[in-house]
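First the structure, then my questions, so here it is.
Here the chain labels run A, B, C, D and E in written order, and each chain numbers its own residues starting at 1.
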Amino acid sequence: MSFLRLSPEMQLRLAPWAAVALLLLIWEGTVRALGVPQYIFPGVIDTADALIQFHQPVARHAWQTFWTTVIGFAIGVVVGLLLGVIVGSSKFMYRACYPLLVAFNAIPKVAFVPILVVWFGIGTVPAIITAFLISFFPIVVNVATGLATLEPEMEDVLRVLGAKRRDVLFKVGLPRSLPYFFASLKVAITLAFVGTVVSETVASNQGIGYLMMSAGSQMRMPLVFAGLVAISVMAMVMYQFFAWIENRMTGWAHRR
Amino acid sequence: MSFLRLSPEMQLRLAPWAAVALLLLIWEGTVRALGVPQYIFPGVIDTADALIQFHQPVARHAWQTFWTTVIGFAIGVVVGLLLGVIVGSSKFMYRACYPLLVAFNAIPKVAFVPILVVWFGIGTVPAIITAFLISFFPIVVNVATGLATLEPEMEDVLRVLGAKRRDVLFKVGLPRSLPYFFASLKVAITLAFVGTVVSETVASNQGIGYLMMSAGSQMRMPLVFAGLVAISVMAMVMYQFFAWIENRMTGWAHRR
Amino acid sequence: DTVDIDFQLDWRFEGPSAPFLMSASRGYFEDEGLDVSIDSGSGSAETINRVASGAYDMGFGDLNALVEFLANNPDAPSLSAVFVVYDGSPAAVFAKKSSGIEEPADLAGKTLAAPSFDTGRRAWPLFARANDLEADSVSWDSVDPALREQLLASDDVDAITGFYFTSLLNLESRGIAEEDLVIMPFPEYGVELYGNVIVARDSFIEEHPEAVSGFLRAFTRGMAATLEDPDGAVDYVLERDDLVERDMEVRRLKLAIEGSIDTPAARENGLGAVDMERLELTIGQVADVFELEDNVPSAEDVFNSDFLPDQDDRMVFPD
Amino acid sequence: MTATATTNAAPETGRPFVAFDHVSLAYDDSGNAIEDIDLTITEGEFVAFVGPSGCGKSTFMKLCTGLHQPTAGRITVDGAPVNGPLKITGMAFQNATLLPWRTTLDNVMLPLEIVQPHRSRLRRHRKDYVEKAMGLLQTVGLDGYADSYPWQLSGGMQQRASICRALIHDPRLLMLDEPFGALDAFTREELWSVLQDLWRQQRFTVVLVTHDLREAAYLADTIYVMSKRPGRIIEQRQVPFPRPRHLELTYTSEFSDLVYDLRARIGSIREENTQ
Amino acid sequence: MTATATTNAAPETGRPFVAFDHVSLAYDDSGNAIEDIDLTITEGEFVAFVGPSGCGKSTFMKLCTGLHQPTAGRITVDGAPVNGPLKITGMAFQNATLLPWRTTLDNVMLPLEIVQPHRSRLRRHRKDYVEKAMGLLQTVGLDGYADSYPWQLSGGMQQRASICRALIHDPRLLMLDEPFGALDAFTREELWSVLQDLWRQQRFTVVLVTHDLREAAYLADTIYVMSKRPGRIIEQRQVPFPRPRHLELTYTSEFSDLVYDLRARIGSIREENTQ
């Protein structure tokens, strides 16, 4: 109740924390109310216990997962942008590539991990590649859509100056698509984490994926959930980082 | 070469087929050139062999996966739209919900399947739920971005008539976001397939996920790849279906 | 000059991987002029693929999967088993006493849960045949390895198959005590399959035969020390993975030793050796139930005993 | 002059409809966009706003319709304070802002999907409404473009469609922000007559922003002149010509005098300001 | 009349710069938007186009700059056939189309990032260019809004910024599509002078679309009158007034006569058409 008495600005600032608090409350509440046993779905307190007790290994594995993800994601962004530009700029490429991209992305990327292991051994490289493979598609889709739906009037502003396709792309196409590019980053970063973790569960000696698998095979669900929480927290950190950049770069589009 | 001599219209029509053919060529070529063994990465011909030999079970399992995916995806679309509207319409909800949504989606959904199996038993229901859980987020993100970046001028057209928020949403907000909504469907449908298949690999006695797991345990990689091809084909079919709807509904945005 | 060996375990760093990790940590491999790097694995069958494909030089994997691989891929780069670790298959059937199941015959008409790649499930026809049961008199639920114990605990299925030392511990952590369970280990119920073995790629064997011998000598030392002091051996597991629970891994290791390593046959012939007759027999059984048609390998194709340490050195079991 | 003024019935008979009470608005910390606006528009009055570019005319329109809230002062429309968008307005925006996913006809019919009582009647009486919309489109010369999309129309055609959209639902308060700016002289004068006729029939209240003093003088009962930013009302001028007015009026010397007078007045204010 | 015409140097000295050779364009199967346009604009000439709304003036502009390709006929600019957008044009579009992610200043400076030689020089000489842009903004009264975003500007302010963007890179061909449509009379007349001065200094070729006959008469050497859709050139009128022209000119009877004449001519064509 006292939350409602705060200034709207303060409310906005506290919003994410309040939401997290609420979620934790609901989580613990449900678990208790339904009497879900710890080895199926541990509550907040059990998970927090595990997190505190194992904070050192969890932090170490999280760090590994974090960097793996960031690298895979970075490659995904670059490739996604490139493919998005290719697919979005030419009707022919749009028709040719889109079905294939959809087909490729409907395949669970876990299926590729064993193949990657053969070529790169277990560990960081397959995880990076998996994170990349899983995360580039949303970026392609939004960049391509942004470019394909660019208003011809805006393009004309540059074309009338004799601008080359590249100029049109960089001065109008991409800036115009920026809000949706950032939107796709939000999806892509979550997928990159999923990719890394999945790869780590199949082929790694470290990382949160390994931790979860290791804890899982010992039936230590609170520790598994501690791993999940670690992923979530890292994803939120990345989100805040992108939100910050987005805020600076696409303020013009969010002008309410 | 003779492809280039076709009319541009014909080229566009043939584009996806040409691309698929090219991909198959590259696939088989690479496998042969590098001498990749069949038990790691079978070539096109091995896969086609398996597909032909086992077309009946593959078709049966594919059908199961298809319907499971479609249902989970449909729920994902509805929930994604709703959440997108909620997140995109209010700055407070945007701030409160977004980090949580990102956090939730960074968690590999496989982790939830065992819990779902405990509650709903083995089979279709966990797969539907997994498909839903994995697929709604891209829709949320794009709908929310569409609504949050709606030009106030467009909104004013309705607000000046005394329109309620709902009217503004249905008459301007959603139509305006439609191209990106369709973009997100392309990502969402691929994820829905991944969700179903992953859930089926964890706990199911049918579906492509089961087939792949079963074939994998017998070291029959061509059959595993036949399963992957089946998923891809289904995803492409769904894509064509959406592309058709999209074409009818968002022609105004793709006017080049 | 040392020889580098990339070694693939069957699974996570758990109690049963203690002898490998101990040999590495204590420098037994170094003493043999080897630089061994040990990676965790994702299944004892997957190990075969990874060694065959060249991602690893040697590994710890399932002998029956090796047979299947050799039969299915006659043209692939070959690999051989060089040392038997699990003389008996760790596969077992678990049921709750409360379900009224007491012996294999009671399983008829029941539902069992196991991953489709589970050794117990794949070798089920052998178990059934040995116990006068129709193989297809049971139905199966295909589930993730970690899920089957849950389904048994919540009575969603009547029984499960799984590795003895894994499923028992998993069931215990779900509050089901050993005495509430009916456990039918495959070796005790007439299934003579071997379990996990050390495998090496043939091209590696050709290039570095002395390295393979060295590896097995060092491993035997490690195994001897492990059998001597299982509690201490688990230290080396904790060294690699500080997340594992000590007590649980000690128990797991002891169960593995008890059930699959320290068997009468192993005590008699020494650790690591294979009985060619039994191997021939089980290859036939595997070919039968796995429906391998052509190219079924001979016992010599599967097991290469050239690198076993001297038998005296392999008589490591404490009294 | 006073004699003719009495035949100009509107301002006298109307009751106060729009009232600005010392209203200011600042968009941001760059200072007031409009300042201390204090005026009353009676019901059925036709007022015109003129003023230099950027003086706050569009801002005034947005305040009037409740799209923005003033930072100081109070606005009442039809007796009630304005807290949010009104439901009785039709507005043609300065840039046409037609919805690109709707055809011209559907754009024109948009208000019918929102405003009561048309909203509830639209389903059943669709044909009548389409007829009405087509009629409006015809008066502005857009029959034949009903099924075109906005981007297939020229600038002036878009503007005309936007005027139709403002009129379709018989609003009680019609806000026109430079509705004829992109039209040639002839089309423009034709639409003057159309607008005057409609107004005389229905007697809604009209607020017209224009840069064309002749337009203001020809159409309005009252002309308000705004100063440069921050926009204030610096002149309020009653237009004495009787209704109905005809295009010949614009060639009379009284008309030219009024226009010239206004022009001079604005010019002199400019001079003062720039000094 | 002929005496004054000789002092109007531009058309006589220039060589053909823009040539339309029986050009038509059909956007779709709804028929030609413009039809059989056949004209020559000489280098340094200032031409104005007038015509009813929707007649194809903007279409003409797009053909001229190479944004569209004609469906019939041939266009040459500066001797070369137009196959795609030209690199020598500055254009102010009918709706300002400023890029919303750029401030006013950055919008104005956009052509410098594209067009040579400015493009290569921009990095090193940024300060000079910013000064130039600020100078232009000042002449149109937008100093003080350099760092504002387009949506913070009024309609007329956006239009003025768009004019600056068309001028910044000293184009050889300046296309202005109703550049002063959203401006009040005074600002508009001020900008007439600014434009005329610039033109007299740099002698670029100007194509101006306008609805204001006075504007056309005051600024142009040649006025083309277009018919209703499908747009054809139905009248070409030389404007005889000597340069520089001053605002007083607009009060002379010759000027009024020309405007009146044009008006009557257009009116009569309309009559014919509607019959």
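Quick notes
Keep this in mind: a residue touches a chain if its C-beta (ideal position, glycine included) is under 8 Å from a C-beta of that chain, and two chains touch if they have at least 3 such contacts.
Since this is a predicted model, take the numbers as computed values, not measurements.
The best fit of Cα atoms from subunit A onto subunit B calls for a rotation angle of 180°, in steps of 5. Ranked by distance of CA centroids from subunit D, the top chain is C.
Centroid distances built from C-alpha atoms place C farthest away from subunit E.
Look at where the CA atoms of subunit A average out and do the same for subunit C: the two points lie 38 Å apart.
If each chain is reduced to the centroid of its CA atoms, subunit A and subunit E end up 49 Å from each other.
Between subunit C and subunit D, the centres computed from C-alpha atoms are 86 Å apart.
Between the Cα centres of subunit A and subunit B there is a gap of 16 Å. Annotation for subunit B: residues touching 2 or more other chains are 40, 114, 118, 152, 201, 250, 253, 255. Looking at subunit E, residues 95, 151 sit in touch with two or more other chains.
Touching of two or more other chains is recorded for residues 49, 53, 146, 150 of subunit C.
In the complex of the two chains, the subunit A residues touching subunit C come out as 37, 39-40, 54, 56-57, 114, 117-119, 121-123, 201-205, 210-211, 213-220, 223. Taken in their complex, subunit A has these residues touching subunit E: 153-154, 156-163, 167, 171-172, 175-176, 178, 250, 252-253, 255.
Listed in rising order, the residues of subunit E touching subunit A in the complex are 62, 65, 67, 85-91, 93, 95, 97, 99-101, 110-111, 113-115, 149, 151, 169, 175.
Residue ranges on subunit B touching subunit A, taken from their complex, read 11-12, 15-16, 18-20, 23, 40-41, 91-92, 95-100, 102-111, 114-115, 118, 137-138, 141-142, 144-145, 148-149, 152, 179-180, 182-184, 186-187, 189-191, 193-194, 197-198, 201, 212, 224, 228, 231-236, 238-240, 243, 250, 253-256. By the touch criterion given at the top, residues 27-28, 50-54, 56-58, 94-95, 141, 152-157, 160, 177-178, 181-188, 211-213, 263, 266-267, 270 of subunit D touch subunit E in their complex.
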